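Should a chain be cited, it is by its letter among A, B, C and D, assigned in written order, with residues numbered from 1 in that chain.
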Amino acid sequence: MTAPLRVLAVCGSLRQGSMNRALLRAAIELAPAGLAITFWDRAGELPLYNADLDVDPRPEPVASLRAACADAQAILFVSPEYNYSIPGVLKNLIDWGSRPQPDPPLKNKPAAVMGASTGISGTMRMQYHLRQVAVILNAPMMPQPEVILPRAVERFGPDGRLADDSTRALVKRFMAAFEQWARLHAPAPRP
Amino acid sequence: MTAPLRVLAVCGSLRQGSMNRALLRAAIELAPAGLAITFWDRAGELPLYNADLDVDPRPEPVASLRAACADAQAILFVSPEYNYSIPGVLKNLIDWGSRPQPDPPLKNKPAAVMGASTGISGTMRMQYHLRQVAVILNAPMMPQPEVILPRAVERFGPDGRLADDSTRALVKRFMAAFEQWARLHAPAPRP
Amino acid sequence: MTAPLRVLAVCGSLRQGSMNRALLRAAIELAPAGLAITFWDRAGELPLYNADLDVDPRPEPVASLRAACADAQAILFVSPEYNYSIPGVLKNLIDWGSRPQPDPPLKNKPAAVMGASTGISGTMRMQYHLRQVAVILNAPMMPQPEVILPRAVERFGPDGRLADDSTRALVKRFMAAFEQWARLHAPAPRP
Amino acid sequence: MTAPLRVLAVCGSLRQGSMNRALLRAAIELAPAGLAITFWDRAGELPLYNADLDVDPRPEPVASLRAACADAQAILFVSPEYNYSIPGVLKNLIDWGSRPQPDPPLKNKPAAVMGASTGISGTMRMQYHLRQVAVILNAPMMPQPEVILPRAVERFGPDGRLADDSTRALVKRFMAAFEQWARLHAPAPRP
């Protein structure tokens, strides 16, 4: 029997009622059994990245993030688009996770991205910026399927749960493909 | 006599010895008399953007940022490139400045961007992402000249001052062009 | 009385029934009187760019393109998105227009871009790539309004005419804004 | 014994003395024995993409391109940067290769990109645009190492051969990594 793959999930929105937080919960719910997903939900506790502070002992949430990244075999990004790009919140998390060189914990891990927006972009503009970021992380990013959800408000129920059936099917297909992608690229499990 | 144009300068690096902070100081030093540049140096004090907190009364540094943006007639971005994109620090500042809709203070202002890197990119990858962000801000971004400074360490003296003559000339030319660009686009001065 | 501004329009699709060609016709129809728009519809006759051929005498369509660019005071791009970027057809036209250095005819002209797609992107991915191209052309690109038309088939009538009223209003507003933008930036008229 | 992997190489420059053509020759020379690379050097013969012509019988060079793509197990892009993006020549080739839907020949193939420039960008701006294009092709793009060669003229000898030792070592390392990447992702060989 194959052990589940450890996936670290992070989210670019801190808002409690966020659609993207709901999307992330749906992704966890709809994931295949082969993925063990942990949502590291402390992005809002990180300090803003400052290289002068990037020395031991690092602030506690940074240490926690680093440990979570190091432990993960794959990364799942779920995020809104802010101002036609990656939210500062998420980018700040990545900036901490990608230090120090040359072997930062957020590196060499297969990854995937999804997002939902109220407007027409479906977070497209965020996702292609994040794909560029993935190059420096040497993170193989799953090309397809893409989960780009424009005008997404109506896809979620009044309880904030992803309710739309075709979207649920897409997310399920995405997560199944992500397991395959992640297994293909994942570093060997820890002994 | 024409009043100087009020320019708000912001920086994507919090590190005290940062080359980009030095570049920003050089930009202020080499700017024409027609630009009155204020460096809002509190990016590191902002909370991480959270829409749940984006209601009055906002945290004090947010209010200060909003006032500084509202007062400015043009914006100067000076930033490193982090992970092939905009530093989270700078993006977080922009995320705060661009709220609330429909009339956020960081909107409709002419802008320009410059940056220096130790590596070969010269912050190119940050700059083109920032140019995309400028579209949603409805900020006319000066197309040229570009100040993209690869392998920049040697351009700065041991005291951290921009020392290289040709780089100084380029920054001077950039700032002169920025005055022209900003005057063409600037909102009328406050009465 | 102010002379109309000479605008060169180009299109990234060669297909006769193209929605984007129809969108370009609508843009001409809905433009203010202050814009005199010429559609240079010979993109399909250009050779593929080859620096070895970029010497006098250049192939005839290249000479025609260069003359059309040189004569124009502003440029309007209307294009589909092909493979998440600029169509090769349009990029090839730009590659010819941007040569030879240092004073190519397709340079220093204010510009704007619009596009329609059958899918959800509305040509977004093409437009942000084109905005990056505009930087090297030193072309001030109008930031807003943006005309990004996803799922656009239903916006056009069976005769291929842009039929949807709200889209027509958006295009009209876009063209009025473009006149303002172009006049602000346009090179002085030829004597 | 493992059969060599069939790699299709394409180039964005038609100029005979092109550095990028020389870089492609060097890539072939320095490739490991496990890669059998074919340079499809007919990009300049393709018509400009026109959906009205994209029906059988297609123009001969299109049929040849489609056959070459279908036969390949991986794709190597070597290209200059034109106007801060992908050359029209190369984009046009991709536009033909990616049609017709839903199973175009240039799809689902692992890929990599390299480039050299006379200026400071090293073709960076082309490469990130091409990486975005790869998403729609569902082409897993090798993230690292990157071959980005700024100020590249001095790296080539008077005979046009890649002469610089450290660049040769980088290209060799890139090609070795590409074999691994391509084998990981390649479709099963034809029976």
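Just so we're on the same page, a residue touches a chain if its C-beta (ideal position, glycine included) is under 8 Å from a C-beta of that chain, and two chains touch if they have at least 3 such contacts.
Please read these numbers as outputs of a predicted model, since none were measured by experiment.
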item: Pair joined by more contacting C-beta pairs (A-B or B-D); value: A-B
item: Between subunit A and subunit B, centroid-to-centroid distance (C-alpha), Å; value: 29
item: Intercentroid distance (Cα basis), subunit D paired with subunit B, Å; value: 37
item: Contacts with 2+ other chains: residues of subunit C; value: 84, 125, 128, 132, 135, 137
item: Graph class of chain-chain contacts, one of line, ring, star, complete, other; value: complete
item: Residues on subunit B engaged by subunit C in the complex (per definition of touch); value: 128, 131-132, 134-135, 137-141, 143-144, 146, 184-185
item: Residues of subunit B defined as touching subunit D within the complex; value: 84, 120-122, 124-125, 128, 148, 150
item: Residues of subunit C touching subunit D in the complex; value: 13-16, 18, 43-44, 46, 48-52, 82-95, 98, 125, 129, 132-133, 135-137
